[in-house]
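Two complexes come next, and they have one chain in common, subunit A, joined by subunit B in the first and subunit C in the second.
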Partner chain A sequence: MADTTELSRAQIRRMKRFDNPWRNPKLIWGAGLILGIVFMGILGRLLWDMELVFTGSAPLKLPPVGFENLRGQAGVAAHPIGTDGAGRDLLSLIIIGAPNSLLVGLLASCIGMSIGIFLGFSAGFLKGRVDDTIRILADVMITIPPLLILVVFQASFGDVSLTMMAVLIACFMWQSPTRLIRAQVLSMRESGYVQMARLSGASTMHIMFREMMPNLVPYLFGSFIANVTTSIVTAVGLEVLGLGPQRIPTLGRTIYEAINSGALIQNLWWWWGIPTILLAVMFVGLLLINLGLDEVSNPRLRKL
Partner chain B sequence: MGRIPMDYLLNRLVTLFLTVWIAATLIWIIPRLSPVDPAEIMLGRMAAGAGTVANADEILATLRARFGLDDPLLVQYVKYIRNVVVFDFGLSTASFPTEVSALIARALPWTLGLMLISITITFFIGNLLGALMVWERSPKLVRVAIPAAMVFTSIPPILSALLLMWVFSAQLRWFPLTGAYGLFVEPGWTWAFAQSVIYHGFLPALSIVVVTFGFWALGMRGLMITVQGEDYTTLAKAKGLRPRYILYKYMIRNAILPQITAFALKIGLLIAGQVLVERIFAYNGMGKLLYDAILDQDFPVIQGVSYVIILMTALSVFIVDLIYPLIDPRIRHGD
Partner chain C sequence: MRTTKTLLAVSAAALMAFTPAWGQSVAREDTVIFDLDRTIKDPENFNWFTPGTKRLHGAHQAMWEPLFILNYETGEMEPWLGTAFEPNASHDEWTLSIRDGVKWSDGEVFDADDVVFTVNMALGNEDLSSREAATVRAQVASVEKIDDLTVKFMLKSSNPRFAVENFGVRIFGSMLIMPEHIWNGQDAATFAFYPPIGTGPYKYASGATNRMIWDRDDNYWGAATGFTDLPEPLRLIWLESGGEESRAQLMAANQMDAAQTVTLGTFEAMQFQNPNIIAWKSGMPFAWSDPCARQIEFNTTVAPWDDANMRQAVNHIIDRSQIVNVAYEGTTEASRSIFVQYGGMEKFISAVEDAGYGFSASADVAAGQALIEAAGYAKGADGIYEKDGQDLVANVTVNTASTELTRAVDVILEQLNRAGIAAKPVPVENGVFWGTALPLGEYELAYTWLSCGSINEPWASMGRYTAKDVAPIGERAPGFNNTGRWNTAATAAYSEIVDQMGGMSVGDPAIEGMVVDAYKYYREEVPFLPMVQASKLLPFNTTYWSGWPTQENNYNHPAHWWGHTHQIIHNLTKSN
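== the complex of A and B ==
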């Protein structure tokens, strides 16, 4: 095993410089991908004609530039990544749709995280019956797959707004932060610095937010990002089942319409493929952020 | 072998019961909060089929009485819970005289079969690869290639299903586009049928496996790193045991046990993901049943399918929780 004794130059450089864990390549790449999608949403709205998102504003089923569809039509520069079966420009569709998916994920995860922080601290601090109730409720709710309850909800209520969908998903996103925070708070309560703060007469609020919170941040970030992913997966799942917002373009709904019109058999790959790849990029970005954060908070996973 | 302490068993049973009860209640309450009336939807379907419906009001009243929509809410709820316990979800409104439970009974074996196969494969592959990532003797290619494949972990199975379907079914035509078995195959315990089922099930299972193995591999990697630093591993090396023997008997055996608990957290997502994969492949399971029911606004079927899937999830978690203390004696319960 010669190569483990001889360190490469990059490894030596990494050992020499002050180790800043936040300059983690995975974290940077992941954040880059997600920011890229956000920028696409912002710049797209400024640079591209958003009127093209309406049905019938463009020819049907045009391929991206440089390709030909089954009818022999070539792609045109006016619709660089093609159009869908209802005559909508795909570029404008994804400029609006992709940030929407991200927004649902972030919103649902934020709400879920807030509930989780509240319940987790309550359980850890108040103990007793409150703790029991919260613990059992979290255990129970973590087993129920959100998709199925939401299917029942949306099937009965019909159309929902984007925000409403995020709120609904958030109802199922508080369990894991709650459990995580509760477990950490229970163990931190007994630790020296918390005891010290308590003896010094610090208020409960001070102990919660000044003493405990900073130690929780890496865990919370990880849990937050994981929840963003789960929320987006749930939202896309609903949209692919034909539920979710009906009048707002979302990536999931575009895929749903493509499958329903037989885009797979007609080889209209851009129609479902571009939203699919964008979603995949989004998920990979989130995963990289999460892996990066993992390495930041757990140095044992870091490579030399 | 460990033993299951009584209070732990009781605790798990209460959680199982609460989960199923809360889910059943939610499924019952939610449609009742909505302004949509299922009887009117049925009437709408009749009107769509026949053009006009004579005596619409009378039919509406009869339908309401038939589905028990006129009873006080509490009576409806008690009746509902009693029925749900024996899997009686009433009649499907889309394919009217058929019982929902019969539809579910037909779809459930397909879903369960696909799930068991894909979960077993993905658990096996994922853990093995995760272990190889840490093992210092694995070929360099393995240690580079697997982390790269890990990128797929975060992609939901529905996206991999679309991509695989397009490449292997639509473009290359190696695999069928839809269904769980061929049109001209008689279902039964014959070799031809089995072949057809495997042929049709391959892509759905693959699309689940490619995106889920990474989850297990990642978990395994973390556990293996811990085990690698343990004294018993060092001792085994010092004794001069064969490296492969150390890998299987010392490292993987110790690292794999906590992985089983990860099932409890993951199984809900896995099942939900599979439901969507079934919808993409029009596989004859619960996913297709659910999707068709959504299209037809067939509430009894939507409720029944959701309930059964949640029950399935809760039961799997319960079983994992019970098995775990039996196979890992290091775990003490009650804390």
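== the complex of A and C ==
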């Protein structure tokens, strides 16, 4: 009879994983999904005819292969996942559109996080007036619904570029990281190594960014990923309303055009359905990465 | 507990008391629901002389009646509040006879005083900027009452088309007569005219930003005098549908009776779900061809579009047949000239085509690019033309009220971009489009139909681009005429011929040659580019109401936001 305390092979394998917390299955799956979208963007551009992304380059409203549309037209291999109502190939649309949506999220989150890190560290470490100002600013901004302001902003701008949209969204992505980092820094600044650094005469910048920040890296990563998700949701929200870039394919814009052209009643499900599925994949990927990172930074969350 | 009960009872009572007319019980089968493609910014303002949605929400279809209605199918001007409109031999004095027995819905008599008052109001007030008021100002020198039922108009110059142009619902609306007993003493530019009254068979019941409700007036003068029967519907509602998808859903679910234009695919899907839905034609292309052909308007005061060669370049780059096939799914045809392709216009279209001034349905991108390069542009690494480090940009203003317009502009932008012009859309809301962007000249390029006017003679369209209508940027172009501010030596030469044409009778054989002469100047500088003929696929629902205008039942055309909709409403009968 086997010893009940003896661990199974699988358990031992999992135990070993503690040696390298980055080999976290959630993290790997999440990164896999996101990288899949990135690779689709890169490989697609090489393998697929990108001319098909232009209006009128394909027959209108063709269904995916194996399906029929209301007019009884069958899908063709030249457009494997169908075409939209303006004669654009849906595959080429998502090859360009999906990475674009991801890019807006990453860019907005990068900018927002950078501002958040700087302000959060400044507030937590410097305290006093600086802290008061930053804290109140963040508290006030966190109460303002970003979509509301962005809708007004973008409606008055008309056509904006992807980068411009990312910058606009970033204006609303710094408050949460600022508050959270400030709280962490407040507790961290009293710890021994910080006191030590201070005593040895290190500059404020050195202490903030060279001594303390490395300890917050997994945490910052988690916050970054959460911010990417929020940024993409905001960007898609704007695009589905018909705002944002007018001539650059994004998943949100494709859904907007589908709704605006009566795709639901015409049963052109592939037109809005495929971008929606891709968005879902993107969000699941980001969520898994976030959960994975949580486990990386907090060993107590890891399960045997 | 008792307090709660009391509160509940009070709120319930309050709710019942304040439930708007929307909630009053008129059965669905007694109601006709029309589609409104825009928001009513100010639902308590009925001053239709000033900009805003103030008449196509039912006001000029159900409440205010026109003097005459042009029948698009017969070409005749049918009498309504007026009975006759006779010119003198030189067409500079016109005498209007008014129908006897017409009454405003408050019981006052409608007579010559109302007509004289309204025309004088338009003549004496530059702030009344509606197209009809501006046209009357441009044409009428004075107006005088002969007797209670006769009015005489003295014109500034001879105009054989005066009656149909101003009072015949030729395009969309006509000069509507307002009740003197209410408007007198008011500042016409600011008066809200609320609650409004009219002579029509429906009275204003209630309104909000997304709907306008009209209830039948059983004391309607038309029924009392035997002019016509009382219309069958007890209530008319104009409801903002908010886009093609919801429009289609409302029609399929029998929650709407007459919809604004939809694309072919949507129409087919609607019919698939609800076989009671019909359109003007019973088969492909289903659509009615609207007299307002689509065009690209250039603001000729903005570089580089002040250069005629650059405008010609755009003309070469545009592939009209692709616009037809992609944006309109084959339901319309490419424009061959600036004119609507109706039978009555064919001889003028052929004449300009024979003279070599026609427009091609296909593109000649190389020719367009050669013109751009001749203007000093060179292609950059991104495939876009540049000069002095600046990209060649074309900002195209598009009205977002209809999918038809945005789809067409999408195709145009694609064509321009692929040829090397960085074309971008400037989507604007309907009120901004008509309220400021176009009349004030605040655009570079715009997708419009401003040469609209001619049906069976060429002057109405050509007369909209003459030198006399050039307004400075920032001031209102009179009656949306020449919003692109085309004002060159060619404009002067063009205007001279067109103004001369304006005084000639409709059938004058000399006109054809003059059209070609004037058209030469237009074609050299193309201040606007005809794109495609306008097709309107207007779904009607026969579940509750029959008698909609169709090609077989063609008492008039189906554009139910026009002032002739009185005829449609009088023709409706309950479906069994």
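The rule is short, and it goes like this: the second predicted complex is superposed on the first by the 291 of 304 C-alpha atoms of A that agree within 3 Å, B and C clash if a C-alpha of one lies under 4 Å from a C-alpha of the other, contacts with A are read in each partner's own complex, and residues count from 1 in each chain.
In this text, a residue touches a chain if its C-beta (ideal position, glycine included) is under 8 Å from a C-beta of that chain, and two chains touch if they have at least 3 such contacts.
Everything numeric here is computed off the predicted structure, so don't read it as measured data.
A.B. asks: Following the superposition defined at the top, how do subunit B and subunit C come out on subunit A, clash or fit?
C.D. replies: Overlaying the two structures gives a clash between subunit B and subunit C.
A.B. asks: Contacts for A:Ile265 in the overlay, against subunit B (first) and subunit C (second): which applies, first, second, both or neither?
C.D. replies: both
A.B. asks: Once the structures are superposed on A, label A:Thr55 by its partner contacts, choosing first (subunit B), second (subunit C), both or neither.
C.D. replies: second
A.B. asks: Examine A:Gly85 and indicate which partner it touches, taking first as subunit B and second as subunit C; both and neither are also allowed.
C.D. replies: Second partner only.
A.B. asks: Identify the partner contact of A:Val65: answer first if only subunit B is touched, second if only subunit C is, both if each is, neither if none is.
C.D. replies: In the superposed model, A:Val65 contacts neither subunit B nor subunit C.
A.B. asks: Classify the contacts of A:Asp159 with the two partner chains as first (subunit B alone), second (subunit C alone), both, or neither.
C.D. replies: second
A.B. asks: Under the stated touch criterion, which partner chain does A:Gly273 make contact with: subunit B (first), subunit C (second), both, or neither?
C.D. replies: Only subunit B; A:Gly273 stays clear of subunit C.
A.B. asks: Which holds for A:Gly242: it touches subunit B only (first), subunit C only (second), both, or neither?
C.D. replies: In the superposed model, A:Gly242 contacts both subunit B and subunit C.
A.B. asks: Under the stated touch criterion, which partner chain does A:Ala202 make contact with: subunit B (first), subunit C (second), both, or neither?
C.D. replies: Touch partners of A:Ala202: none, neither subunit B nor subunit C.
A.B. asks: Who does A:Ile144 touch here: subunit B (first), subunit C (second), both, or neither?
C.D. replies: First partner only, subunit B.
A.B. asks: With both structures fitted on chain A, tell me whether subunit B or subunit C touches more of subunit A's residues.
C.D. replies: Looking at subunit A, the partner in contact with more of its residues is B.
A.B. asks: Of the stretches 38-46, 146-154, 182-190 or 308-316, which one of subunit B hits subunit C?
C.D. replies: 38-46
A.B. asks: On subunit A, what residues does subunit B touch that subunit C touches as well?
C.D. replies: 158, 242, 259, 264-265, 267.
A.B. asks: Report the residues of subunit B in contact with subunit A in the complex, numbered from low to high.
C.D. replies: The contact residues of subunit B facing subunit A are 14-15, 18-19, 22-23, 26-27, 30-31, 33-34, 36, 136, 150-151, 153-156, 158-159, 162-163, 165-166, 169-171, 177, 222, 225, 264-265, 268-269, 271-273, 275-276, 279-280, 290-291, 293-295, 297, 299, 302-303, 305-306, 309-310, 313-314, 317.
A.B. asks: For a test of understanding, state which residues of subunit A touch subunit B in their complex under the given definition.
C.D. replies: Subunit A residues touching subunit B: 1, 136, 139-149, 151-153, 155-158, 176, 229-230, 233-234, 236-237, 240-243, 255, 259, 264-265, 267, 269, 272-273, 276, 279-280, 283-284, 286-288, 300-301.
A.B. asks: Can you name the residues of subunit C that touch subunit A in the complex?
C.D. replies: For subunit C paired with subunit A, touching residues are 243-245, 248-249, 252, 262-263, 265-266, 268-270, 272-273, 322, 325-327, 329, 400, 403, 406-407, 410-411, 413-414, 417-418, 424-427.
A.B. asks: Using the touch definition up top, name the residues of subunit A that touch subunit C in the complex.
C.D. replies: Residues in contact with subunit C: 54-56, 60-61, 70-71, 85-87, 158-159, 242, 246-247, 259-268.
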